[in-house]
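Remarks on the structure that follows.
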Amino acid sequence: MNYGPETEVLIAGLREDVARLHSELTRYGLIAWTSGNVSARIPGRELFVIKPSGVRYDDLGPENMILCDFDGEVITETPGSDRQPSSDTAAHAYIYRNMPQVGGVVHTHSTYATAWATRGEEIPCVITAMADEFGGPVPVGPFAVIGDDSIGVGVVKTLTGHRSRAVLMQNHGVFTIGRDATDAVKAAVMVEDVARTVHVARQLGDPLPLPQESIDALFSRYQNVYGQAPEGALQ
Amino acid sequence: MNYGPETEVLIAGLREDVARLHSELTRYGLIAWTSGNVSARIPGRELFVIKPSGVRYDDLGPENMILCDFDGEVITETPGSDRQPSSDTAAHAYIYRNMPQVGGVVHTHSTYATAWATRGEEIPCVITAMADEFGGPVPVGPFAVIGDDSIGVGVVKTLTGHRSRAVLMQNHGVFTIGRDATDAVKAAVMVEDVARTVHVARQLGDPLPLPQESIDALFSRYQNVYGQAPEGALQ
Amino acid sequence: MNYGPETEVLIAGLREDVARLHSELTRYGLIAWTSGNVSARIPGRELFVIKPSGVRYDDLGPENMILCDFDGEVITETPGSDRQPSSDTAAHAYIYRNMPQVGGVVHTHSTYATAWATRGEEIPCVITAMADEFGGPVPVGPFAVIGDDSIGVGVVKTLTGHRSRAVLMQNHGVFTIGRDATDAVKAAVMVEDVARTVHVARQLGDPLPLPQESIDALFSRYQNVYGQAPEGALQ
Amino acid sequence: MNYGPETEVLIAGLREDVARLHSELTRYGLIAWTSGNVSARIPGRELFVIKPSGVRYDDLGPENMILCDFDGEVITETPGSDRQPSSDTAAHAYIYRNMPQVGGVVHTHSTYATAWATRGEEIPCVITAMADEFGGPVPVGPFAVIGDDSIGVGVVKTLTGHRSRAVLMQNHGVFTIGRDATDAVKAAVMVEDVARTVHVARQLGDPLPLPQESIDALFSRYQNVYGQAPEGALQ
């Protein structure tokens, strides 16, 4: 399969990004063994790159990343296509199919986010970094098991129209979305960070509430001003 | 002692595996100082390779690993045989002797798993990763002290016929078994991960239950579909 | 812009210090992604060096640090001036403007310090290391959002006349000050360390109180005797 | 000062040991910034080697370690003697003076051990690794502040005739002793490990008790059998 030089360059770059970004999941302690995955949409195509299933992170080179279509099917005769893609591939595919503004998806079982998910409890927005990054509470998505589209449906349903780029899937773990794969990885890092901080705060008493108008002001500023290359919010 | 070229190649490879796998225990923070051990069965022989006793992990090369028989006796005139094997060797030997399907054994005192063991409380199966990996709760084994076969007996009795590859030995630590040493190390990493996540979940309330039918479906799928080289469950 | 050879040498050295000190924040796990910043005053000038906004720590070389004046404005035509400075630059500028004895400022959202800040609760002085380093409890500053001088005002108001070099900004995070940037980073490391230790102590009961006279004696000794180059207290 | 070739070789070796062992404190996260110290007795001499005060661990080479006598005075005209020794030197000196069997001393403020110390609560012996290593509970020593011999007195009084090589100094931190500096560092690593595990166990309920006869049997075995070079217990 050849998609023409322009797309092939895009694919090669995203294979590198996706391979490299898995090391960020390790660096921040978000994953144990092989339990997390990152994918990236190929802009302008109904294709995405995702990691193979059950492979150790030390073995993740760009050439092992797998190119899939939006049904989650592996594109044959491309590098890595002799392997099985991540067992969460169907969920990633469903998200790309239904959220055209999403350029990257991450899934982890990071400890504190998963703990909130296991109680089926949203993370209340009580710290300014959460208002910046997620614009309010991080919501809980439905319980859904692997095997059909129900995880993808749950992610899309929960995040559509929501400020948060992260969803706590009940009794399972966390999915994050972003403009691109880096942005989704950032959301995965930040959701674990705030999940832990709010957990620790709650252990010894009640967090003070953040006024809604401050949450709104912080989210708006962060989407528009922060960083070197201001962009609009994801949604 | 020479077991013929084929077996000698197997032994050499497993010496390397066992030496290298100890670094995974360090990487995931499962051990302090020298308090953990990994062993691997030599396929087709009543022999296994295990680490020496009380030696720092930085000093663990393949040539220092020790070859033992199924009574836990060191095979003389083989590399490393001038050292004492791990003080848990008798337990490893008992497990290999009584569980022919086991190719690798790991023992650690990892923090969260040992905390559950210290309360004598099984880890309830409330997250999908636990259903995948252990097929239900992680059980508690009896209190037993080093010196005879009682630790090995307790591990074998608890894990025989159980889906879990991990057992929490009361007031002590965790033993895991696997198809091979890597699989047993994976179980050691995952049991600490789920022990921590369920602990954190419980600190602020009650985890939601996982339906038994979902646990069964997840376990069955994971044993049969997940990863690059599908294999049957251990038991 | 050229400030003469003597000042230019100072600026070059402080660019290196500030770039390097960010790696201490990473090393001690005080920051996730890009959520922390360090700055250093140029002695004898109304200038300071601070990190750029939203840039990953791996990309922080001396040449990317940004030189600002005490209104928080970037000095044009200096290295790094094509970038936006940290979004907390206004707070750093306000502190330098109003606390002439301060040579370095650090801001983080480190987990345990932020947890105390989220409950609006000062950290009680119950361990000798806290008496040494902070001379008493670590105080809480007001809730204030980014956008004007209110964060800087809150930091200065809380720390003026206070022994502590750290302030817990309510629902937000921690600011620390120091004789220089290294001293402020040390305070950031130590405040998280004591925030965590006192949190853990409180989880299972009540810390024993430290007598006020011991706190006073420890703080006095530490300011005057400890280390290789005894100096007076910051304030 | 020259102590003759034999002693000079011993001193040079112990300078290297002490310098290197500080990196173990960092590796296990027992210290923040410069808040820990290791020393080693020069066998057969009333001398010991200790780290300098307030110096970062990255700067700790053998040549910077400081040789002191049993009054805690720096031996002039030896390498490192232009620096101040650790501010805890008087406590180390007192321990060597009064416990002739001790060859190494370590002091840290490691988080979980210090938390128990802050509540003035001994760590109950509820895990087999604690019985092995400490032979029972880890005791609490008196509250004492730096400046005279009171810390040393408290350590010696608490540990004399006690199986434990670790003492929790109230509201302060932990001191450990050993046959040599490595053994004392091992005790510092293990006391934090068991302090954390028992803390975590207690967070969700009551640890099961360990029978006293099992504690005795485990301690006896560990002192006599474990490791490559069996030696008698410290005391």
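To keep things simple, chains are lettered A, B, C and D as they appear, and every chain counts its residues starting from 1.
In this text, contacts are C-beta pairs under 8 Å (C-beta built on N, C-alpha and C of every residue); 3 or more make two chains touch, one makes a residue touch a chain.
Since the model is a prediction, treat every value here as computed from it, not as a measurement.
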item	value
Smallest count of steps, each to a touching chain, taking chain A to chain D	2
Those chains which touch chain C and also touch chain B	A, D
Chain whose mean Cα position lies farthest from chain B	C
For chain A placed onto chain C, the superposition rotation in degrees, Cα atoms, nearest 5	90
Type of chain C:chain D copy interface by residue overlap (half), same or different	different
Whole-Å separation of chain centres (CA-atom averages), chain A against chain B	32
Residues of chain D touching at least two other chains	203
Contact graph of the chains (line, ring, star, complete, other)	ring
Full enumeration of touching chain pairs	A-B, A-C, B-D, C-D
Residues on chain D engaged by chain C in the complex (per definition of touch)	32-33, 35, 52-55, 83-84, 87, 109, 111-112, 114-116, 118-121, 143, 145-147, 170-173, 199, 202-203
Complex interface listing, chain C residues touching chain D	28, 126-129, 186, 189-190, 192-193, 196-198, 200-201, 203-208, 210, 214, 217-218, 221, 225-228
